[in-house]
Every structure is written in structure tokens, then in C-alpha cells.
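Going in written order, the chains are labelled A, B and C, and every chain counts its residues from 1.
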Amino acid sequence: MLAAPAAAEGEPAQEPPPEAPAAGSGDASPAPETRIVRAPAAVAPARVAHFAFESDDADAAFECSIDDGPFLRCPPRVRYSKLNDGAHVFRVRAVTDVAADESPAEHRWTVDTRPRVFPLSRGHTTRWAPVARRVVVRARPSAAARRVAQLETRTPEATTNLVVVLERTEAEGRLWVRVRLPILPNNQTGWVPRSALGGYTAVTTRLVVDRDRQEAMLFRRGKVVWRARAGVGAPWSPTPKGEFYVRVRIDSTDPFYGPVAFGTSARSYVRTEWPGGGFIGIHGTSLPHLIPGRVSNGCVRLRNDDALRLARLLPVGTPVTIR
Amino acid sequence: MSDVLSLEVVDADGAIREALDEAAADSRASFLKKAVLGGGAFLAGGVMFGGFPKLALGAPSPAQDVQILNFALLLEFLEEEFYGRAVRSGSLSGETLAFARVVARNEAAHARFLQRTLGSAARRKPRFDFGEATENQAMFQAVAMTLEDTGVAAYNGQGPNLTRGALAAAGQIVSVEARQAAWIRNILRRQPAPSPFDKPLTKAQVEARVRRTGFIQS
Amino acid sequence: MSDQITIEAVDTDGAVQEAAEKVAGDSRAAFLAKGALFGGALAGLGSLMVPEEARAQTATDVAILQFAQTLEFLEAEFYAEALRMGALRGDVLRFARVVGEHERIHAQFIGRALGRAAVRKPRFNFRGTTENQSSFVATAIVLEETGVAAYKGQAPRIDTRSILAAALAVHSVEARHAGWIRDLAGRNPAPNAFDQPLTLQQVLAAVAQTRFIAGPVTTVAGGRPLFTG
């Protein structure tokens, strides 16, 4: 057993010197602690931030600093507004007559007021919706944004007009949806109020047309379920490149188009005077010997048996990628 | 959602007044005689299937309604007393206290309704001893959950044995018990709706559960 | 999701075997030959008791069940879409998952009770109520309250005892749903001592007022295509 070290003989046991008192205090009371009890989330979508804080010393007052600014007297609850997007830091310290908290409480957060969008079509899933009422399409989800187009409720074939829905956001107190547009120039999208559209339908198919290889493939959940050689647009009336969708199916009575024809949202750049708007179709043919080849007015032509096989597998609304 | 029909509530007192008026307007006998279920509609012999226990035998009748509604009245008396005493004990707080107040009022209304419906055939109210269950919040919560779940199962078990009129009345009560069951389960962070189908219990099974609590003294 | 539970798995005390002998209009062999009791995706849920595969036998029962199946489809699709639309969080998301599965099971069970008289699932347009949490909560309250009142109104009209037993078992669960979502919405889960029934007409009117059941969408035409060729 170890004994406590004996005092050196003849000397009284040393006592530790008294602690130096805190500056200005007569009785060595410690500095107050500060604790933040309310603060915004780490990423907040608002330009206003509320803070509330407390101290273990009931007599303490508080000093606050925002974004590395000076510490200024503040009440136990504060509100900052007009904060810009980006990182911010809030600090607060309790102060008494005699001392200040030397390690202020701190809260770091980010303001991000960009509209949050939720994808409605992603990966293998594409959603479409019917156009329920004639509606103006806007460049941004705002009634004041630039007008891009107008959507009608019917197609030239008198079927229900439909659009692929890409993403959703909330703005100006309502839901908006960004949709793929069947207009020229090709490959445009724009925003409409959700209320202008009907119910959503999802598909997991995708049709891919390769103009260089003159070939078309249908994918379902990423796997090829149909494939065929195709005739594509001639150089003077090319099949446009980009992202489109199947909008209508015609059980065709015209052998030039074969027994079945699908209308897409793609438009010919050159056949703009075409009756019905010059839409690109995917259909059979009375001239199968031209397939494969660059032979059409823009449409994707298939041999009739390939077209019929496709028709059993291709739902309306399927996205069409033409490359 | 201004263009969606709101099924929001008839005020609570209004609903009770309505139910009592309806019972008073008919004599007890004619109320219970209303629209007896048509003859050959039952599967022969009373049936038991796939996990559901044997339901009471015998076609619905006013006399059987009296027995069943008296059984329901016993449960409502028990709940009325349990919740009333728990509220008065001062041992409840927060959402549990709010729950107990609402449910005490509802169960009292159920008991009054059944008493009036049964008139002189109504059973007398037993004496109850709830022990700590009305004095301790945690115990109260556990017992309340059991009582509400049992009440739902009891009404569902007896429902097919009732005449149409009594079934309609019981239907107005059982859904309230189910709401209350979901509420206390939520307070307890349990599944408010643990199954897609609420399993019925027989009279014997309910009586056994009630006996096990030891609450009924007489 | 149609894992079926066989009779052996649940019939621990021979009760079902015994009942099979009593089933009116059905030979024991035929009953057992039907094999699996409806189980659905219930593994993991607390009590595994489900109603027997009841069959609607009278015209009244068929009409009531067809009406109920449409309501269950409406609810099931509402919740399923809400889960896909990614706008729900926390307790409300948990509610949608559990209750959506219940409604799907209800629709499936009623479909089996109807056999060839089962209704087709309609096309729906939920008009954004699945895409925003507060719209979702308000709509879920209306749908659950309508469901409770609908079953309550129809139960006294049901002819077949086993169908009535099943309807009561669903009715009280819809009431649990209603109490739950009201609690999540900060409202009194059980504001009345007595819940009111709605008639068939009243429920149909309530559903029509939502405009959730969508009109037809025509995507096929005949004739001469107009494409560029």
C-alpha cells in the first residue's frame, strides 16, 4: 500500500495555491453556459431562420452574431430574414455583469430555396398523363413565366392528347409538372399546372431507334424484348434525333403505312406543311424491300410482321429515343 | 380540398340526441323487431371457418337481441366506469388524459343508449374494482388498449347474430370503439390497425378476458 | 403478392377440417380441394386470422360487394400512388404503407368473394392529392370516413352470414384507419359517440364529388394515318 508522500520533514504539508479568481469576480463563480434550443434544419428551404437559446445562469443576457458579424445584444429568441442561399453560421453567448461565455454556442446551416422537384419518370419507369383541359405551357413553374406552347386535349387523330410527365414541383401554391412537348423545335419541355392533366400511367418500356444502324429495339425494364431492321428518314427528310414518346396507335387502313402505325411526339423539320402537323410515325410498309435504308419522309418504317409483333408489346406513352 | 365532400362531424351531443330520440320513438319491442333478417339466408347450422371462432347459433330474434345487447351493456358499463374513474383520479396527463376524457364521454353515451333501448330488461350495473389501473397512467394505457380491442372483437362477434335494427345500432358503436382503439395504440406507439381484418371473438372468449381482469366485483 | 396459406398451416386444432364438413352446398372434398385459404401478404402481421373465402350468393350481396370492391380499389390505388409520388414523410408515410396494404388485401378478398362478378379496377386521377402531404392527409380522412360509413350503411342489408362477418371485420379496420389518420392530422379521432351510416347513393355521390374515377382515355384510332411516312 502506497502511503501518501510524507511532507518533507519539518515542513508543513503544502496546500495548492488558491485558484486565481475569474477576472473581476470576488467569489470565483464560473462564466455562464449557453445552449441553443431552437434552430433551423441543417438544410432549410426558407430565407427566414428562428433561434431560441438559454443559459444556466438565470440572470444572463445574450449576445448574437450572424455570419461572423459582431456580437450584439439580443433577446432569448431571434429571427433573421432575407437570408441568401448558401452556408450560414449563428453564434450566441450568454453574458452576466461579470463574465461572458467564452465558448459561444454555434449553429451552422445551409439555406437552399431552389424549388424541389420530384422525378415522375426515372430509370426504366416513364409516366404519362392525358391532357384534361387546354392549357398554356410555361418555361418555368410560374403563371408569369414565358409561354412556350399550348396543349390541346385531342390529337389530330381525335384521340386523347397525352404527354410524358418528367418531374413535379410546388410553386405559387400549386403543383406543377414538367412535360415533354409534341412541338417544334423538337425536344422541348415545359411546365403545366398538375390540374391540367389527368391520372398518371406508368410504363417500363422504351423504344430506341438507331438511325446509323437502321435498327429499332424495344426494351422492357432494360431488357430487349423486340428488335427489327428499320427504314429511317432520307437525307432530305431526316428522322429527328432526341427524346420523344408514343402518342397514338392507328389500326391502319392505308397499306402505305402497313397494318399498324404509331404516332410519336416527334415532328419533321422539313415536312412542316404536312396535314396533321408532320408527325413522325413508326409503322409498317407496302415497300419492305427498302428496309433497311434511309428511305422515308422521316418515319421509322418496319416490315409488317415486325410492326405487328411490336404492336403487341408497345403501350402508348412509351418513351422513344432516336439516335 | 373544397370540392371534396367533407364527412365532418355531426356534433357529439347532436348524435347522442338523435340516437336517444330514435330509441324513444319506438317502443323497445318494435325497435328490436325491425326488419328481421330474411329466412333462408343463413348457411345451415351456424358456421365456423378459417380461424374465425364458432359464432352463436340460432337465427336472430328480438329475444336474442336483448341477451346480446345486455352483454354489450356490461362492457359499456365497465368502460364507462373505468374511464370515468381514471379521469377523476388525476393520474393521467397529456394526450392520454385527452383520450380518456373523450372516451369516457363516448362510453357513457353508449351505456345510456343501451340502457334506454333495453328499458326494464336492462341489466343492472355491477360493482367494479379497477385497482391501480385507474390510478397509474401506464397501467391505464395498457388496460384501455385491451378494452377497446376486446370491445371491437365482441361487437364483431355478435353482429351477425343481431336483427337488422340492432345490427345497425351496434354498427354505430363498434366503429367508435375501433377509433378509440387506434388512438390509444398510437399513443402507445403500437400499430393502430394491426391486421387488415379485425378478428371477432365469441361471447365466451370475451367473458373469459373480462373475468381475467378481475374488475367485476358483483 | 399472393402467398397462400394452406389449411394445414393454420388449422392447428382441426377447426377448419370440421367446418369443411358442415359447409352448405359444398362437399368436403370440394372444399378441401379449393386448397389454400386466402392468405395474401399477411406473414409478419400480428394476428393472422382472416375470414373464410366467402362467396356472394344473392343479388343483393353481389351488388354490395361490387360497390365495396370499387371503394377498396379507390383507396388502395390512392395509397399506392401516394407511396410512389414521394411526398410523404414520417408517421404519415408509415400510415400510407400499412393502410395501403390493408386496402389492397380488402380489394383482393372481395374480388375472390365475387368470382366472375368481380369489378375491374377503374382508371383514377387523384388530381395531385397524392403529391403533397397535407392534401394527402385531408383526402385520406375523407376516404376512410366514407369507407366506414359505407360499410356501416350496407351491413344490415347483407344476406349471407359469412359475408356479413367479413364486412364487419373490414368495417372496424376502416374505422381504425380513420382514427389513426385523424390523430396524425391533429384532430379528435373519435369526435362522436355514434358514427353515422351513409346510403349507397350518398356514398356514390361522395365518390363522384372527388372526381377521382377518371373518364375514358382513347389512345387508338382507325383509318388513314397522317404521319409523314
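Note that in this section a contact is a pair of C-beta atoms (placed from the backbone, for glycine too) under 8 Å apart; a residue touches a chain by one contact, two chains touch by 3 or more.
As the structure is a prediction and not an experimental result, all values here were calculated from the model.
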Next item on the list: Specify the chain most distant from subunit B by Cα centroid.
Entry: A
Next item on the list: Select, from B-C and A-C, the pair of chains that is joined by more C-beta pairs in contact.
Entry: B-C
Notebook entry, point to check: When you take the mean of every protein CA atom shown, which chain's own CA mean is nearest to it?
Noted result: C
Next item on the list: Compute the distance, rounded to whole Å, between the mean C-alpha positions of subunit A and subunit B.
Entry: 50
Next item on the list: Please report how many Å separate the Cα centroid of subunit B from that of subunit C, as a whole number.
Entry: 24
Next item on the list: Averaging only over C-alpha atoms, locate the centres of subunit A and subunit C and give their separation in whole Å.
Entry: 34
Check: Which residues of subunit A touch subunit C in the complex?
Finding: 118, 120, 130, 132, 156-160, 162, 168, 170, 175, 194-195, 198-200, 202, 237, 247-254, 256-257, 261, 263, 268, 271, 274-281, 283, 296-299, 316
Note to self: Could you list, by residue number, the parts of subunit B that touch subunit C in their complex?
What the structure shows: 1, 3-7, 9-12, 15-16, 18-19, 35, 37-38, 41-45, 47-53, 55, 102-103, 105-106, 109-110, 113, 152, 155-156, 159-160, 164-165, 167-168, 171-183, 186, 191-200
Note to self: Touching residues of subunit C toward subunit A in the complex: what are they?
What the structure shows: 81, 84-87, 123-128, 131-132, 214-215, 217-229
Checklist line | subunit B partner contacts - residues on subunit C that touch it in the complex | finding: 10, 15-16, 18-19, 22-24, 37-38, 40, 42, 45-53, 58, 98-99, 101-102, 105-106, 129, 135, 138-139, 142, 145-146, 148-149, 152, 155-157, 159-162, 164-166, 168-180, 182-184, 188-198, 205-206, 209-211
